[in-house]
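What follows is a structure written as C-alpha cells; I'll ask about it next.
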C-alpha cells in the first residue's frame, strides 16, 4: 500500500518551531510521507531563515516558495497572499499530495488553504478555533471554513470549531505540538549553553547568570503606525528596571519596520545597558532560555502556550493574544511603560507556576501523525446547521 | 458631508443581474457614491460580456479587472483567484473606498474579500449564510468569516450567519435584490419581445409561441469530468419530449468545456429540432422569458430564487442547489434522463405556483443602499462565542 | 558523463509544428536530455490544444504552464507575459536545465528569455534575425539580445544577428526545422486522407477533390480593431470566386476575437457554399494538404517557409510577413477583396514552383541537436562593438 | 492643445538622482505633463526610500508600485520582473501616457519596457548604448530593441545604438542628466554641511575635515556568492590605510546580502576606526561630498559619470563598469586588497583632474524635455538592415 503524502506548508519560522514534533512524527510514521514546503518569511534571512534549522533537524525540503512582496504594509500583505496562492497552487499541482496542512492564522496561511481547497485536495487546519483579534481572527476562521479536518490545541478551541458548523468527527483536540518540545525541557531544564556565545546577537554584554528576563513583542497588524510608540514603552520599561534582558526581534508583518525602527532608534540613542538583542534561536534552546528566565515580556504566543506548560510568568502586553485561553501564569498589561514595569517587578520577585496541560501534555506530534494516517480524507463538506 | 464610497465588485454576469437594483439604489442615494468594479468573466465575450448591459443601464465603471487565467480547470481556478487578489488590491488601493461589497460564493469572490479585509477596508458580504455543496460552500462561509457586515437573502440564512459567530446586529435580512426585478415582471408579465429576433442565438427556429421551457445548466465545479455526461442526459431528456426549449450556455467554471463540448457535440450529431440556444439575455428579458415559460430546467439559482417569486415550476437537477431554501415551485431530480423527462412532462401540464416571498418582497435594493448609508463601518471583529 | 538537459518551451501550437524535428533529434541524441515545457495557448482547447499531438508524437511533457490571461487585448497580452515570467521562472528553477530554448517572436516568448537569462541559464534563440513589423519585431530582436546562442533559419538572418553585435561563432544558420517535415512531404506528396472525414470541422461539405485552396489569416497584433474588417475582405474574395477552400481558425492574439467574430458573422449571414472550416490539423497532414492545394491564402508564415520548399503558390495578404525573406512562390497583396481575388485567380490557374532551399534543406532538426550537444554553453556576453 | 503626458518610471534611488534634472525640465515644460511612477526598491526603506527626497524636490507621484519579491537571488529577481510587468501594465493602462520613459539597465527596467511596448505606448529609453557585462548588458540592449526613441549619454553610445539597427533620427545624444547636478557643484563646490551631523549613519566618528575618501561598492549580479569575499577585500584595504572614509551601503540586487553581511561582519569583528557608514544621501549633497573627497573607491557608475565631470580620482574595482566610456580620472583595479590599497594611496596623494564633458555638459535635462515635447511619437519600427 502506498503511503499517504502529507504536504505541510510552513510560512514563518515560529510556525516551524511549533509544528516540529508533528513533522518528526509524520516522517517517522510508516503510512505517511512528509512533503515539507518552506515559504514566505521562513525563507528570509532578515526574519531568521528557518532553512538551516530545518535541514539540521533532518527534514528534506520538497519546495521553497518565495512569496513576500517587500513593503510591509497592508497592501503588500494582500499582494503577498495573492502571489502565495499562485505559487502554492503550482507546488501542490506538482507534489500531488493526499492532504495539505495549513497552520494557524498568519495572513498568508489563507493562500495555502485556497491553493489546496480549489484543487480538491483535503485540507487540514492546525490550531483553528482560537480567538484573538485583528486580521488573524478573520484569517483563522476563514481557514477553518476552507478546511476539511481540524486539529486543534485546546478543548475550548474544539467546541468553537464545532460551533462554526464543522462536523464534530472532523474536529480533534490534539493539543499543541509546541508543548511536545516543552515537555523535554521540563524533564531536563538545565540551561546548557551560553546564549551570547552561541548566538552572538548585538548590544551589551549582560550579566545574565544571576537571573534574566526574555522579551518578544510583535507589531499588531492593523495598528502598524502605532508599532514604534508601543515598542518604545516596552523598551523604556525594561531599560528602567535595569534587570538583564534578552530581546528577540519581531517577525515580518505590516509594521515590523515601525517596531524595528523603534528598537534601533532606542538602542542608538539610549544605549540600554541591560539589554542584549537576538535575531532568533533554535526552538529547543529558546524554550530552555524561557524555562530559566524570571519572566517573558511581550505579546508572543509562546507566553500563552509553551509558558503555561513550563510555568514561566508572562507579562502579556496589549491585545495580540486577546481571548486566547490562558493559564495562571499570564498577567495581562496595557502598552504603558508603568504597567509593564509593575508587572515585571512582580514577576522577577516571584516563583514559577505549576505546569498546566491547557495546551496539551506533550504528545501532540504523534497524535497528529496518527490522525493523518487514519482519518478519512475528503474535500467536500456542508455546514452542519 | 462627504458621501460614503461603496465599491461593489462584480465578477460574473449573473451576479450583475442579481445585484442590479441595489446598484441603482446606491447610485441614487444622496449619502452614497457607487464605485463599480467589473472583473473576471463578467468582462469576457465568451461568457457574455456584461459591460454593454451595464453601460446601457446607466452605470459608470470605475475599474475593469482582467483576472481569468485560461485553462478552466481547478489549477487555473486557484491561480485566477491569486491574480484576482493582486489586481483587486491595486484597485481598492487606488479607489480608496469606505466599504467593499462582495457577492455570494463564486470561487473568485474570496479575492475581493482578501483584498479588502487585508487592507482594513470594511467588507460587506451579500448572500451569505446559504447552503449548497462543493467549493462554493467553502468559499461562501469563508467570505462570511472575512466580512464585517452581512446582508443576507432569507431568514434561514440570517440565523446561519449568526450561528457562525457573527454579531447579530451586523447580520441583516434584506431579501435578495434579484427579486426586485422579478417584482416588476410580476406586475407586468407580458413577453413583449421575440427572443430569437432580439437575441439571435443558434439552432433551430422553434415554434415557441404556444408554450416553451427554459434550460440553464451549469457545470458542478468539483466534478468537472462528469460535466459532459450530465449535460448529455439533460439534452436527451429535452430532445426526446420534443417541446420547444430555449437553452442558455453555462458560465465559466472548471468544467465549462465539458458542458460546452457536450452541448456542441449533441447539437452537431443529433440536430435537436426543438432547441434554440442563447448565450445570454438582458436580466429583465430573461425574467419575462421565465415568467412566460412552462418551466425552468437545470440547476440555475434563478430556479430557486426568482422562480419562487414568479411561481414558475422548476425541475432542479443534481446537487448544485443542495440545501438552498426553496419554495413549493421546485422539484428536485437526479441527473438521469428519465427523471428529468418525467419532471418536465409534469411541469408542462401544470399551472404556475403562487408567488413566494421566501427570498424577499421586491425592495431589497433599497434596503441594501439604506443600510450601507447608515450602518457603522468597522473592520475589526471577534467571534461571538 | 551526464547528458545536457535542454529545456524547450513551446507557447503556441504552430511553434510546436515548426520545431518538432528538432525535438525528435534532441530526444534521440545520446548526449542530450529533452525537457519539454508546454505553455500558453498551446495548452488551450480553443486554440487547438497541442498536448494530444505531442503525446502521440512520443514526447514526454516535463511541465505545463497555464499563463494566458483572458481578454485578448494589448493589456492582457502584457500581463500574460508577466505571469509567464513568474511561472517559467519556477519551471526552470525546478528543472534546472543546462540550456533553455526559446522560439521565434510571439509576444510571450520574451517571458522564456527573461526567466532563463535572469537565472543565469544559457539561452538559445531559434529563428532570430528575421524581419517583420509590429510587436513581433521588437520581441524577436529583444530575444536575440537576451540570448547567448542563435540558431537561425536563413543566411540573411545570420548576417542580421551578427550585425546586432552577437559573437559570430554563436550565430549558426541551421535552416528552419519546419522544412524537415516538408522534406518528407516532398518525397511522398500524396494526400492520403480525407480532411473532412478525419478532422470534422464546420461549414459546408465541399467538393475538394478536383482542386482546392487553403486559407489561414491571423490578426495583426497592433491593429486589432481592424481585424474584423480585414478578415471580411478575405472572406468576400474567397466566397466570390466560389472555388473550394479549407479555412483554418486563427491563433490566440489580441484581436483574435475580431477575426473570429468576422468569420462567424460572415458564415452565419452569408453561408458561403465553398468554404469548410478547421480548427487545426496535425502538422504533417497540414503540409500534405498544402502540397496538394492550388494555393495558400492569408498571412501565415507557412506560406513564406514551408511553401517555399514545397513550391506552393502563396497569396500573402498585408504586412504580417513584411521583410521576411521569400522565394518566388509568394505573391504579396493588400487587404482588399479585389487584390486577393485577382491573386487567387492567377494562382489557381498556374503550376507549382520549383522547391527552394531558402529556409533550409530538410536536416535542420539534426543540426540543431548536434549544436546543442557540442557548443560551449555560456550566459555572459558583451556586445561585439 | 493638450500637453503630452510623459510617464517616467523610477525603480531605484540612484536612477532618481540621475534623472532628476530631466524630471524638473519635463515638469516645467509648457507642452509636457509629468507622470512620475516610483517602483521597486526606490520605495523601500532598507535601500533608502526615495519618496521623501522626491516629494521634497517638489514632484508629485502618480503611482507607487511595490514589486520587489524578497529573497535577493536570481530566481526572485526574475519573478520581481514578472510582477513588475503585471503591475506596470495596470499603471500605464490607468495613466494612459503619450510616452513612457525607462531608464538604463537594471534588471527590472525591462518590465517597464514590456508593459509599455505591448500596450502600444511609445517607449523612450534613456542611457542605452553603453557597455558593461553581466545581466545589465543583456537588459540594456533588450530595452533598446523594445524602445522607439533613444536618448543616450555619449557619442559612443549613440553610434552603438545606431549599429543595433535603430533609426538614426531616433537616437539622440543628450548627455547624461546626472551631469546637470554636477555642473552646479562645480560652480559652487563648497561642502556646506557636516555629513555625520546631517545624515547620522553608523560607525566611528571620524575626523574627515582634513581629507577623506568615499566608498560605494555594489554586488555584481551574476556572481553573488563572491559578493562577501569581494567586499571584504575592499574593507581590508580601506581599513589598513587608516584614511578617513565615508562608506555607502549597496543597492538591492541579488547578492546584496553577501555584500551587506560582509560589511556587517567586518564591522563587528574588526571595528574599523576610520570608516563611517551611510545608507544614502541627497544627490546634491552626495556630489558635494564626492567633489571634496580625495577619491571615490568601489564600482559605482558615479565614478565613471559624475566624477569625470567633477574631476575626482576614482579607484574602480572589478568589471561592473567594464567597457563604459571613461575619462582620465578612472583607475581600474582588481578585487584584491593590495591593488585597491595601492590605487588608494596614489589617489590620496594626487590632485583632482580637469573636468571632462564625456557624459555631457550640464544641460541634459532640458535637452531631454525639449526632445520629448517635439519628437514624433511612434510605436512601430523595423530594424534598419
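Just so it is clear, A, B, C and D label the chains in written order, and each chain counts residues from 1 on its own.
Going forward, a contact is a pair of C-beta atoms (placed from the backbone, for glycine too) under 8 Å apart; a residue touches a chain by one contact, two chains touch by 3 or more.
As the structure is a computational prediction, the values presented were derived from the model and not from experiment.
**Student:** Test of understanding: which option in B-C, A-C or A-B shares over half of the contact pairs of C-D, residue numbers taken as the match?
**Tutor:** Same contacts by residue number as C-D, out of B-C, A-C or A-B: A-B.
**Student:** Going by average Cα coordinates, which chain is farthest removed from subunit D?
**Tutor:** Result for max centroid distance from subunit D is chain B.
**Student:** Can you work out the whole-Å distance between the CA centroids of subunit A and subunit B?
**Tutor:** Each chain's C-alpha centroid was found; their separation is 40 Å.
**Student:** Whole-Å distance, subunit B centre to subunit D centre, using C-alpha means?
**Tutor:** Chain centroid spacing, subunit B to subunit D, equals 53 Å.
**Student:** Which residues does subunit D have that touch at least 2 chains other than itself?
**Tutor:** In subunit D, 75, 79, 83, 86 touch at least two other chains.
**Student:** Going by the contact rule at the top, pick out the subunit B residues touching subunit A in the complex.
**Tutor:** Its residues touching subunit A are 74-75, 77-79, 81-86, 89, 93, 107, 110-111, 113-115, 117-120, 131-135, 137-139, 141-146, 160, 163-165, 222, 322-323, 379-383, 385.
**Student:** Using the touch rule from the top, collect the residues of subunit B that touch subunit D in their complex.
**Tutor:** Those residues of subunit B that touch subunit D are 86-87, 90, 94.
**Student:** Which of the residues in subunit C end up touching subunit B in this complex?
**Tutor:** Touch residues, subunit C against subunit B: 41, 43-45, 66-71, 75-76, 79, 83, 202, 257, 268.
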